[in-house]
Each structure stands twice: as C-alpha cells, then as structure tokens.
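Here's the structure we're looking at; comments come further down.
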Amino acid sequence: MPMRDTEQMWRDFARPIRTAEDYIGSLRGRRLNIFFMGEQVSEPVDHPVIRPSINAMAETYRLAAERPELATARSDIVGSYVNRFLHVPTKPGDLVDKHEMQRELGRRTGTCFQRCVGLDAISTCHSITFDIDAKSETNYHHRFLAFLRRAQTANVVIGGAMTDPKGDRSKPPHQQSDPDLFLRVVRRDEDGIYVSGAKMHQTGAVNSHWLIFMPTMRMTEADRDWSVVGAVRVDAPGLTYIVGRQTNDTRIVDGGGMDAGNAQFAGQEALIVFDNVFVPHQHVFMDGEWQYASTIVERFTTYHRSSYVCKTGLGDVLIGAAAMAADHNGVSNASHIKDKLVEMTHLNETIYSSCMAGAHQAKPMASGAYVNDEMLSNVAKHNVTRFPYEIARLAQDIAGGLIVTMPSEKDLQNNEVGPLIRKFLQGRDGVEVIDRMRILRLIENMTIGRNAVGYLTESLHGAGSPQAQRVQIARAMKVEEKKSLAKKLAGVSERLG
Amino acid sequence: MPMRDTEQMWRDFARPIRTAEDYIGSLRGRRLNIFFMGEQVSEPVDHPVIRPSINAMAETYRLAAERPELATARSDIVGSYVNRFLHVPTKPGDLVDKHEMQRELGRRTGTCFQRCVGLDAISTCHSITFDIDAKSETNYHHRFLAFLRRAQTANVVIGGAMTDPKGDRSKPPHQQSDPDLFLRVVRRDEDGIYVSGAKMHQTGAVNSHWLIFMPTMRMTEADRDWSVVGAVRVDAPGLTYIVGRQTNDTRIVDGGGMDAGNAQFAGQEALIVFDNVFVPHQHVFMDGEWQYASTIVERFTTYHRSSYVCKTGLGDVLIGAAAMAADHNGVSNASHIKDKLVEMTHLNETIYSSCMAGAHQAKPMASGAYVNDEMLSNVAKHNVTRFPYEIARLAQDIAGGLIVTMPSEKDLQNNEVGPLIRKFLQGRDGVEVIDRMRILRLIENMTIGRNAVGYLTESLHGAGSPQAQRVQIARAMKVEEKKSLAKKLAGVSERLG
Amino acid sequence: MPMRDTEQMWRDFARPIRTAEDYIGSLRGRRLNIFFMGEQVSEPVDHPVIRPSINAMAETYRLAAERPELATARSDIVGSYVNRFLHVPTKPGDLVDKHEMQRELGRRTGTCFQRCVGLDAISTCHSITFDIDAKSETNYHHRFLAFLRRAQTANVVIGGAMTDPKGDRSKPPHQQSDPDLFLRVVRRDEDGIYVSGAKMHQTGAVNSHWLIFMPTMRMTEADRDWSVVGAVRVDAPGLTYIVGRQTNDTRIVDGGGMDAGNAQFAGQEALIVFDNVFVPHQHVFMDGEWQYASTIVERFTTYHRSSYVCKTGLGDVLIGAAAMAADHNGVSNASHIKDKLVEMTHLNETIYSSCMAGAHQAKPMASGAYVNDEMLSNVAKHNVTRFPYEIARLAQDIAGGLIVTMPSEKDLQNNEVGPLIRKFLQGRDGVEVIDRMRILRLIENMTIGRNAVGYLTESLHGAGSPQAQRVQIARAMKVEEKKSLAKKLAGVSERLG
Amino acid sequence: MPMRDTEQMWRDFARPIRTAEDYIGSLRGRRLNIFFMGEQVSEPVDHPVIRPSINAMAETYRLAAERPELATARSDIVGSYVNRFLHVPTKPGDLVDKHEMQRELGRRTGTCFQRCVGLDAISTCHSITFDIDAKSETNYHHRFLAFLRRAQTANVVIGGAMTDPKGDRSKPPHQQSDPDLFLRVVRRDEDGIYVSGAKMHQTGAVNSHWLIFMPTMRMTEADRDWSVVGAVRVDAPGLTYIVGRQTNDTRIVDGGGMDAGNAQFAGQEALIVFDNVFVPHQHVFMDGEWQYASTIVERFTTYHRSSYVCKTGLGDVLIGAAAMAADHNGVSNASHIKDKLVEMTHLNETIYSSCMAGAHQAKPMASGAYVNDEMLSNVAKHNVTRFPYEIARLAQDIAGGLIVTMPSEKDLQNNEVGPLIRKFLQGRDGVEVIDRMRILRLIENMTIGRNAVGYLTESLHGAGSPQAQRVQIARAMKVEEKKSLAKKLAGVSERLG
C-alpha cells in the first residue's frame, strides 16, 4: 500500500542530514528497484560501481560543513542557513556563490557531483508556480514552498527529471504512437495524481531522496495531461531505475583503484521508468497548464546551462594533472608545454567568465527569485560544448601516449613484471613510477575514461545539446536592433531593411 | 616662452566643455605640430582624413549628454557628476557601467572612440601615486588628485601615452644605443622636469587636450631617468605628432562618403615625439621610482585589456550589417546564414562576458580605486585577439564577394554607368541599390577597410599583443594549486611534484 | 560596323605574343569602354591603379619564358609548346604542373595574376562541347578546337566570365523581373548571335584579349536563351567595363610606392556589361543546351577551386614577410614567434596538399581532358576559405601594431619628421628603417590592404562561396556507403537504415 | 638452448601463410611470455580481450585475398606478388596504393590493424642499409634483403619496435643512470649480438611473428652500443610482453558484444622487455653506425606519419555511424545535422588529401626505395593530431547523450527491464531499438571507448607527438627562401635580412 499523504512521506526524513556520512547512511536500506548490467542492485551504497557516484554527491554535504560561507545560504523560507543546493537564489550574489561552489566541487571530485539539476529544478518551480498562481486560481506556489521548507529542513537531495524519451521528434506528445513516450498523468483521484512514462539519463537519480519531474519541451493544448510538474520520493512504488553504463565503469572492480584513475568519485545517470506513480496533490506543482511548459524549459535551461561552470573545476584538475605529467617527464620548462597549459587555462577561464557574467547580471522574476542572464547562460554552455574537448586533447598531448598503453596496477604488483615496469617507466629522477602512473591514469580517466563521460559528453549534451543553445541565442540576439545600428552608420534610411 | 606653471596651463580650460560641439570647438586654433602624409596639418578639425576620428571622440561627450546614467558618474573628487571617462572606478559597478558605456560607444561609432587609454591611465595613476606615497616621502597622490580635479571640472580629454619605441628589445632603457628610445627625463630645474623621447601608436593623440605619459615596461635601478609619469598639454612646446596612415584613409577624399563605408567615424593613432618637453612639478606623478614601473604596466593593462569590450559594440554593428546584407540578397532565411549570424553573436557575447565578469569581480586597491580581475581581464583581451577575426570572416562570407569588387560611388553617379550599376546590382525586390552598396561598403570598412584597423589589428595588439596576455595568464594560473587537486584525486602523496 | 567574321576578329592577333613586354604592348591602343571611379579610362596600361594588375598578368608570360618546363606545355592541338594557361590538361601531370605554376606565380606577384579563370574555362569547354556533340547534331567541339588553336597560336589571354548578377536568387532566369539579370541571347541572325546582360566581379577582365562567357548555374528548359557559351573579343562593341574599387587602390597615387606595400602587383575585378554583343557562330560553343548548364558549373568549379592553390604562393610571401618582421624586431628566436611561423606553414601546406592530391587523382573525361578529383577540389577550396584568414592574423600578430599606425613614405621623406621616424622606428641594429617599413607595408598590403582583396575575400568567395563547397561535399560524400561500414561493424542488419 | 642460426629460425615459417585463418593459426602454440592485468596469458589467440586485436591484424590477410590489386604488390625481391605490408615501395604509386589499402582496412576494422609499423620499418631499413654499405665495408643491405625475401615468402607479420623508455629526456643514452633505458648491445659473440632494454607501446607486438628494432632518436659517438638495428622472432628467449590496458577493454567480457561497440576488432599496444636477446649476425642490420640514427628516425617517421591515412577509414565508419544515429532519431534532414556530417567529411578528406599528396610526390632514395614527401607527411600527421578529435566531438553531438547513459546489453536481455528499454528507447518508426543501441555503442567505442584509443590518442602520439611534427615542419619550411620572396616584392635590398 503506497503512502498517500505528504506527512507520511516526510516522516522518514525527520532527522535532518548533517554530514556526508549521514547522507551516505540515509541512502541505505531503501528498497529501490535498481538495475545495472542486467542485475538488480540490492544495496547501491555497497555497489562498487555505483559507490563513487554516491561519494561525489556526499561531497556536497562535506563542503557545506567545511566551508559554510560557500556552500550554505540563508533561506527566508526556513529562516536559517541551508545547504546551498536547496536555496532558491534571491539575488545575483546567490548565483555567483552557487557557481563558485560548483567550481569548487568540480575541483574536489573531478567529476559530476549530480546535485545541480535538483537545485535548478526548485529554482525554476519557485517562479513558475508563482506565475501560474498569479494568473489562475491555483495554489501551486504555496504547495511548492511547503515542499521546499520540508526539503530544506530535512536537508535532502532533490533530483530533477526532465528529459522524456520523446520518440518521434517531429510529433507532440499527444500524437506519439505510444503516449508514454512523454511522462503524463494517467489517472487522478481525490488524493492526487498517477503518472506514467520515463525520464532519461537522469543525473544522480538513485543517489537522491526526492525527484522533481517537469515537462521537457513546449506543449500544446492537446498535451494537457503531459503538462505536469510534481515531486516524488525516489523510493516511491512504481519507479524503476536502470543505471547506464559508463566507459571503464567496471575498472574499479577488475583493475583496482589505480587503473580507475579517480577511484573515489564518479558520476551517475539512469533511465527512470514511472509506472502509475502516485503523487499527492500537495506535491503537484502544475497539472495541465500547458502554456507554461516552454517557460519552464527556458528558465530551467537558463539556470542549468550556467551550472556547467562546474566543468571549470574539472578543468582545474586536468590542467594540474597535465602539469604534473610534464613535471614527471622532466619537460615542464619546454616552451610548447607551458604554452599548452596557458591555452588550457585560457579556455577554462573563458568558460568561467561566461558563466559568472551571467550570474552577476541575473534578473529578478515576479516570485523574487533571480535567474541568470539568458544570453550569457546560453553562450556559457555553448563554450562548454567546445572547450573541454580541446582542453582534453591538450592534456593528452602533454601526457603522452602512455595513458592508453600503460600496464595495469596488477601488472605493477606482479612479482615478475612489476620490477620491469618500475625500471622502464622511470621518469625524471625522484619521481615514483607509481605516482607517475597514477597521474596518467587520472588523465585517462578524465579524457577517455569514466569521468570523460561527465567532462566531455555530458558537457556537450547536458542542459541541452549545442543546437538548443544556438536556437536560444538566435532568439535573444536582437538582430533588428543590430541592423539599425548598421543602417545608421552606413547612411541607409530605407524602411525595408 | 613655454608656460611654466600649472595655473597658467589650465587657464585655457576655464570654460568647461559641455557638448560634442563644444569639444570640437575646443580643438580648433591650437598650434599643434602635426604631420600627415608628409605635410603639416594646420587645422586637424578641418582635415577630411582626421575629422572622422574627432567625430568619434566627440560621441563620448554626446553620450554623456544623452544618457548621463550611462556615461557620467558621480566623482567624490569634485563632488558632482563628471564624464565617466574622467572617473576613477571606486566600486565594481563603476567598471561594469564603464564597459556598458564602451560597448554603446562602439555601437554608435563602429570604430575606436579613443578615450579609454586616458581613463585607464588616470585609474592607474590614482592607485600607483597612492602606493608610492605610502612608502616614500613623496606627494604624488595629492598632485595627481589636483590634476584630476581640474580635468574633471574642465571636462577635457586626457590621452594616455605608454608605448615607447623600445629599439633593441633585449636591452633595458639605459643600455640602448640611443637613450631616447624610451621616454626619459633629460633635465630637471626648480620648476619641473624636461622629457625627451617618443611614444608610439598613441590612440586619439591629436584629439586630446592632455597626455599622461607612463613607462612601458619593468625598469631596473639604472633606469631611474626613464621611470617617469607626468601630464602635459597636447600643445606643449616640443611635441610633434605624426599621424599614421590607415587602410583606405583617403577614400573619404577621393571616393566620397559611400565608398568610405563609415564616412562619419574613424580611429586615430600617431607617433608622438617629445623634444625637451617641460613638465611642472605639479604634473609629475612619478620620477625615479623604478620599482613601480612593472606595477604600472600590470594595472594599466588590466584596466585596458577589459576596455576592449568596446569591440563587442563594433561586433553588434557588423552582425547587423551582415544581417542586412543577407536581407538584401533575399537569403536571410537560409539555415547557413542564420547559423553564421548565431556564431558571430556567440563569439561576440563570449568576449562581452569575459570582460564583464572581470569587472563584476573587480578588487579594491589601497587608494580605494577598483581594478578588474587580472586573470579575467587577460582572458577577455586574449579572446579579443581571436574572435573579431572570425566574426569579420563570417561577415564577409555572408556579404559576398561584392564588397571587394564593387564600383565606386562616383560610378553610381556617372550618367553612363550609373544606370547600369543600378540595373545589375539589384538585389531583392524593394531594396535600393544604393542602400545595398552602403551596407556592403560598411562591411568592407570594418573587415578590410579603415575601421578594420580598429576592429582587427588593434584588437590584436592594443593593450598588449597576444603573447603578453599569455605571459600574464601563466603568472596568474596558480599551477601549483591545480597540481595539488590532481595529486589528491590521483592518490599521489609525493612531495616532489 | 562591328566585325562579323572570325577571320577578321583574329587578324589583330597575327603576331604571337612572346614576352611580358609584348603582352603589355598588346593591350595598348584598344578602345575599351572602361570606367573607374566615375571616369572613363582612356588607356588602362598607363592608369596607375590598373597597371599593377597588368603587371601581375604579364608575369604569366615572363614565367613561360624563364621557366618553360613549368609554365608551358606541349599541346596536341597545335603540335607545339604553348603557354600552360592555354593548355587543356590531358593527364594528371598537367594539373600537377599547372598547380605548381600557380603557386610559383603567387610567390612572384603576391597577388591574383588573373589568368586561371580563362584556363579553367577552356578546360571546361573542351569536355562539354565534346559531350554535347556526342549526343546532338551540334558541332561545338570542332568550333571550340578551332578557337583554341588560334588562341594558342596567338598566345592571347582568355578571360572567363561566369557570375551573373542573379537578381532574386529564388528565381530561375526566365522568371526574373529583368531578363538581363542573367546573360542571354537577345537576337540571332545568319552570322551569329547577340547577347545582353552582365557578368560580375570578373577577374582580370580588361587585361584579357578574349572572354569566354558561360552560364552560372543549373538551367531549366524555359531558360534556353540563357544557356549560352561563347567567346568575344574584350574590345567587342557593346561591352562596358566598370573596374571595382579595392582597398587602398589609390595609395599608389597618393602615397607612393612604399605605402602601397606591393607597388608592382595587384589584382583586378570588373563588372562587365554586355549590350547586344555580337558573337559569330564559330565562337558559339553552346546555345540552348540547358541540360548541360549544371555540368558546366560543376566542371568549371572543380577545376577552379583547385586553382586556389595559388594562395599558397601568397602564403609563402606572407610567411617570409612575417619572418622578416620578426628579424627586424630582433625576436626571431622567441619560441612563440617560431611556433607561429610553423603554424602558418602548416596551414599553407595543408591547402597545398589538398589541391595537389586532387590533381594527382584527376580523372579523364570523354574528350580526353582530365579534371581534378571533385571531392578533393572542393575540400581544398574549403580550406582556402579558412586558413588564409588565420595565416593573415598570425602575420599581423608577428608584425606588430605598427602595420596600421605607421607614418607614410612621404613623412619619411619630409625634412622635419623624416629624421624623427628614422630615429624612433629603429629596430634591431643593422636594419634600415626604410626596409623595416617596407616589409610592414607588405604585410599590411596582404592582410588589410589591396592584396588582402585577393588573399582573403577572394579566397572566401572566388570559385564559389563556402556554402557552395559544402553542398558539393554533401553530394560527393557517399553517406550510404559509410553507413554500411558502420552497420557492419556494429552488427546491425536492418534494411531501413 | 636458444636458436643460433637463421636457418633454424625460419624453419617454423616454411609453410607460407595464405589466409586470415592461416594467420590466426600461426599465432597459436607459441610460448610467448605475455602478461595482461597481472596475469600470464597462456594463449593470446583465445584471450577475449586480446583476440579482437588479432582479428584486426587478420584482416590484412583477408584483404590481400579479396582484393589483391589493392593489398598485394609485385616484389622484385622474390619476383612475385606479396602482401603489400611486406613490399618496399619502389615508385610513388606504391605509396598511393599503400594508403588506399590503409584507408580500406580502417573502414573494415574501425580500429588500428597494427601492421603499418612493420612495413614502414622494412621500408626504412631498405634504404638505410644501402646507404651505410655505400660508405662502409658493411654488408647490411644484403643481409636485409635476405631477411626480407624470407619474410615475403613466408608472408609473416613484421612488427616495428622503436620507442625506447628514454628516462631523463635531457640526456643521451650513454648518460642515463640506467643504460637499459635505451635498447642496446650488451654482448657480442661470434654468432651474433645480445640486446637488452625495452620498447614501449609497441603496436600489435604479440600479434607479430618478427620484430625489427631501431633506434628512437639521434645518437652521438658515445652511443654506439645503442645504435643498433636488427630483427628477432617474437618468441625469442628473453622477450617479455606486457599488454597495455585500454579503455573498456574488459567490456567484451563483462558486458557482451553489444556493449563493446565493435566486438570484433581492436588495437593492441605492449611494453616489450628485452633481456639478453640473441640476434644472429644475419639479422643485424646496423651495429654502431650512430651517424645514421637520426636519418633512420626521419625516414621512418616520414613513412609512418603518412600511414595515419588509416584514420580516414575510421573516420568513414564514424561519419556513417553518426549518419545512422541521425536516421534513427528521425533528424537526418535537419540542416545542422547535415552541416555537421559535411564538416566531419571535410576534415576527414583534408587528412586524406595531405597523406595522398605526400605519396604522389614521393622521392626516390639511393636504394631505389621511394619515401613520401617529408613536409607533406608531417603536415598530414599534424592534421591527424587535430581533426579526429573534432570529428569525434561532432559524432557525439549528432549521436546524443545516450551514448554515455545507455543501459547495457544485459539489461536489454533482462526480462523485467528489457521490455522497458525497448519501449522507451524507441526512435523513429521502423527502427529496432537494439540496432539503435548498437550504433550508439559503436560511436561510444570510437569516441570514448576502446577504439578511441586508436582513433584519438594514438592519432595524437603515434609516429611522434604534435611537437615532433612542428620541429620537422620548421626544418623543412625554407624560411630563407620565403624571406627572399617577401624582400623582392617589398623592394628590400638589404643583405641582413
């Protein structure tokens, strides 16, 4: 019998999560229906492939404890400090601080720490529910604030679920041959609604406590049932998680910690299937207001595209690793090496600056929440779809081919070949071969290994593929205004253009 | 007999300049020793090649009148609003507003409006004089504030003169075969000092009222005489100006307004020769403090590299012109055209965001003045050395080959061939051929014509060539800190690196 | 009374042109109707702005005399050696040698020497006339061979005229509001045809002896009158030439030789208006065979896109000039300078290699003529639309800002400021200031001056704008074959795709 | 007791290898000392991780059988047709055909087929042994021809071993703290020599029958013992192989064929340790002639850099896979998709053209062997260090994020989640989900999976890292000649430069 009311749903979160260890503990013993590589995962916390992604998420708690000025913020909703990942930005400085926190977490984990989607989802819900209520008889904003108050108090992880499978991309939801290809309300009763469908490549899904689901694109009037926003517990009945495979994900098992490159941290994405999942009214934040679907997408992506500032933290790690590799090879003074490190830094800081400018120039919405400048956020993300690939290429250039031809840690431990490896992989005097190998494995990890998933491919597609940003830039580029400037200087007076 | 005291020197500026017209009037009748194309220029205001550069400068006055919230700022020094080009930034917002003003002036003029160097020079002098006084018995800051008070009151144009000829770049000033290859003090008397030497490619030199000269690079103790900062009137005895040639500069004369592309506005650079130019003590802001030379250069370039945000205003014009050209050709809906306009915008806004981020994240100095974030300012300028070239290439791509094969305005006016041109250069219905040609000439002007000087080559070399930024990025990149991040994640504990 | 028969038309060319001087002489005394800057040009050979373009063309004769192994070829048509610009390639080696000759002429002139269009036009006509005759009762190939035999014997310059004004680009010729927007047959009589219309930006038009005109795009059946190919004397009655303005074209007049940068050589483009121009049947090579129009365009562009190998010759000059500038500044050993020269070379040689590969892999056509590999020729040209811009940017980077702020030659000659310039523009010891200035002016000339027209904008648009190559690459890319490879390796057996 | 004479050594190869199956059989039962992931590999042919690399090598035999005109060549040494991988090029056409064969093998395998190093090694030995003998009393060329005759007759795989561990890169071999950091002669007796040391990341090492070892860089007179070239059987006593780990190498084991992306084919690199390995005189092709070491490196890299044309075959596969993915998503007509496929093709064909131009313009050496044009070969490889990364980025762009978030094949086979995956990963109508997944896994395989090792990192570092090509381009760029061109056009007559 599923839980029917919100009080009951929140009871398990009565004791607030305070530390990284609390958080990890809070994930244990849930009965999630998780699959990975064809097998049901009984306890993800103990699963060697999944665990590094939990560790990365846990760092969001650790940072809040270690550097509260960076990773917590005072919330008017609860009247006290909360983890910044649960704080709706109400001034530009909140977004600036958010981005600095994201970069720092990227530096600490070298991977995707998975908590930004949820933050950007609640920030979006804050203003959208307010806007809908302002035009309708609805009560979504109040419901949402109540939900958020509980989440802030409990200090839970909220995941955001947006990307529907979409099926035939030329058709709106109601014209799909299978109506489940977009998440939708399949039933309503006095207590709430039931939703079915799926959300794809959801970051940190099984590491969250709650999920907020939102529509993934512009809707039409006939798509009312698909125009739904709500929150569910990650362990709600009817949810199935299929954790995606990542490059080198099993290395941690078959190759040991060194071969993994970054044994401690990794990202996570999953396909979430919703099968008649119940959502009580109190956790429904939109139901049928199709006109707002496109605004939801725009606001969410504006927030989320800037969140990719985290990649500059990964960039810092990779620049550092490349510099170390150069040291180990004894070539750190070669001018072409220095030049490549400068280029990597230049590209990395260009991303950073685009993200930060959009935060500083954030604009308020009716609800009081602030959102990044739309143009700059799109420009920032668009740079993220390009520069990490070049940074990664330069890192591989500096590191040398050994990153893809190197023996494994187990070879190093082997009595026969271990000594040979130590003899022949010797770099500059004074450098331990094992340390040289570790750094090279880290570079492999970030450029062609497990965390390249987050550093490269996710940088390309997360928060919208490159073309999505181009569409948005085209909309925001004020071409008529620019034409006027040209006409004036050229001495053109024609009306036509 | 030269003027010996500062009172006398400022007497001519007793009536403050209020409007663009005032400004232009203020330039008349001065007896400058100016040369252009081998001839002495008696009245630059009436010189057809020089005048467009005066017009561009005049826009800095016009904007202050039209949009005071953007182009003026309240100065504590005089206790009232002054032109923003005379205002030392005392909070990040001042730099943000400065950059918005610079972009707007770029949009209005499509060229270099020449007043930024002076602003960045006074901003630099403010903190440097303060810092020197704090360590020495000197009185530079007081002198400088007095100078600035007068300048703000009179609302004059201050030019900045930095780049020395340098001669053999491997030698410091005191080792040059010709000591004049760096500007230096050649004599001192009770009233002041006498300087000789030259400053190269000085922006807007003959359009200014005053010049501040500063050292161009790190000095050594033996370079004391070359370690000098001061202000002189542009018409001071001993100054000679040789205005540089620009691409297509004489088109305005031989081809008429349309062929010029942007008939109204242009930039200006000159070689300034100093021959025993007297500077009264009150206008000497540093004399011999060689230790501060490198800091001067760093602060000035940090200010000035971000000032290149103006190029995004030129970018706006060029994007608009390219969009117009596409309209005229009837191809504005072609996907590859739209895609190129988006790419141009993306690059332009990336520059903007780098500049703005560095302004928002400005840092205070001891004097109370704020300076842009150093790393971000260098990154911004480095993008300026690349992206305008690609934007220009894309503009030419959209415009078509006609920008370099088109008949002249005089052909259009000719009775025999004029009608042929009108017949065969007809674009989309409803477009006047002359307007089509005007837009194409504007694109020529900005990509391979007179204002390409400012949009391209100056973007490359102004405020330091690309390599100068790379050196600065290398210094600021904190590579040891980044290495630590990598070591931690890779599990490397070695001390060595 | 116009000349009506071909014998008469060729009578003036009875004495073959043998030398560069012969060639220049051959241009004198023709009564062309030429306009430049609104004035009729009585004798282009003596016109200071036009003359450098004649000099460049003359180098094609000089090279044939100096290096016959490179710039002549044995023609089966006349049974002896002819200038290679009049030789239809009948083996891959002919195209290879043609490209080497083009690069060498680029190296000698630093500009567009204008004779490639005609060569590529005759090469196209050779196979097209053959193909038409093979399917029809026509006699075009025989006529064309007769024409070419005379041209080879007389050693004349043949220009190619292809680009029509096009008007509304969404409409075919017969639907244009003005039928003259594409060149067309307006009348036919027993002796020949009469054509009207215009051809735009025709390279070297007034420096040629004959023009071959061809359709510019795919035609439909209703466009029969526009589907015409023929040859006319450049001085045929009814032809008007309007020579286009080029950046800095009048510098040679107002600034002297040094300011011009490359005083001797330049390119030329003109708008040619045809008003009832008579073409005798013997010089008509297609009339009405609309089905062949698109093939003409494809073959011509395949030849002509590879002809842009000439830009690698210009690249050689620019790389050399940049290396000289670095020498003059005493920085030729700086690693970043060397690195930029290597990058310039790498890009330049990449263009060269694309062009050469397409020549070596040329394919024969039915007429026996060989044509470059289509894919590689398009790829080569597409690189030409990109790399010269980057090479130019790097050249400016190495040269320094002085290229756009430098005083004029007349200043250098002036008694007052000349000595100042010599004093302050002194570079490395032993370098004459005037030589330093000359090299900088050459770099200006090629990157933002008169020959930037040919090196940059023409590289972008000549032989088709970038998008034209992309369309062609898309057609030739054999995507279905590539999909099959992927399916096989991925283990996909589906039929659908 | 090791084999001491060459007759004995070749006895095992008496029956020529004729087919791919023969080849695989020939690898069985050898007693190689191979390690992988810390364990000795008893039979590599049956090792699931190693086998795909054997399959790839086997395709070189299959192609020779299927398309002899492409993959065999007539050898004057044996007077009959031999596998092209054993044929020393004696005309430009041989190199052209070699490159076409390499591209085709890239298309068939989607990975590194490992046989080029050996071919480029024998091509190098042919001319070097000839050159040494011409100046010395040595008999190397004769020995080498005898060796090659046997190899051609037996149709064996020859591997090339070049890269020494190098240790401290600032020191020559004889100054290294450990003399074994470069392979060297440790002992000589009447029958032959004994070598010790190691060769790193040797392509296809354990899939070869013979190895030719060569010096890796310029040697000095004191490095005589390190200046050695010779051939050894892969199963010679004293050889140990440590096979390197590759991204996702164990997927084939833990994830099944689909997850592997390309289950059939992969590359291979190994660290080879030489411990007192005996080489009979007949198999020693250089011993002590240190002056030739740098020439060996230059010739080998000139051959081998062009061999990277194989990557265009991989590019074909990846372009095809991306086009398939677009089909599956129903977006193959979107203009931005088509544009990206064109860009990928353009880059791929640019690489191809650079490689081919260098083959067509090959030059003969004294021995009669031809070698690719040095400049073009370096330019080609330099493009290979850049373009595959961009092609891979674009492939990921088209493919979508699913390539890194997709469930595994085992999930698809699972009864509970398999149907969910089939339901929600449905693309365009008519596309099987499993086929969609297969194509996406192939794209993963080539861009961030096992064959990205070969397509990306090996493209960067194989045959020399980017900087090695830049050094070579700098040497070959004839900068003085280019300066002369510039001086001539600029009118500079100075001697100095």
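Think of it as A, B, C and D in the order they're written, each chain with its own count starting at 1.
Simple rule for what comes next: contacts are C-beta pairs under 8 Å (C-beta built on N, C-alpha and C of every residue); 3 or more make two chains touch, one makes a residue touch a chain.
A quick note: this is a predicted structure, and the numbers were derived from the prediction, not measured.
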item	value
Shared chain contacts [subunit B and subunit D, defined touch]	A, C
Pair exhibiting more inter-chain C-beta contacts, A-B or A-C	A-B
Interface sides of subunit A and subunit D: same vs different residues, half threshold	same
Size of the rotation, in steps of 5 degrees, that lays the CA trace of subunit C over subunit D	180
Mean-CA-position distance for subunit B and subunit A (Å)	41
Centre-of-Cα separation between subunit C and subunit A, whole angstrom	53
Shared interface positions of subunit C, touching two or more other chains	336, 339, 470
Subunit C partner contacts - residues on subunit D that touch it in the complex	96, 107-110, 257-258, 261-265, 316-321, 323-324, 327-328, 338-339, 341-342, 345-346, 349-350, 352-354, 356-358, 360-361, 375-376, 379-380, 382-383, 430-432, 435, 438-439, 441-442, 470, 473-474, 477, 479, 481-487, 489-494, 496-497
Sites on subunit A touched by subunit C in the complex	335-336, 339
Subunit B-touching residues of subunit C, taken from the complex the two chains share	35-39, 165, 167-170, 177-178, 180-181, 198, 200-201, 240, 242-248, 250-251, 254-255, 259, 269-271, 273, 329-331, 334, 336, 385-386, 389-390, 393, 396-397, 400-411, 413-414, 416-417, 420-421, 423-429, 444, 448-449, 452-453, 456-458, 460-462, 465-467, 470
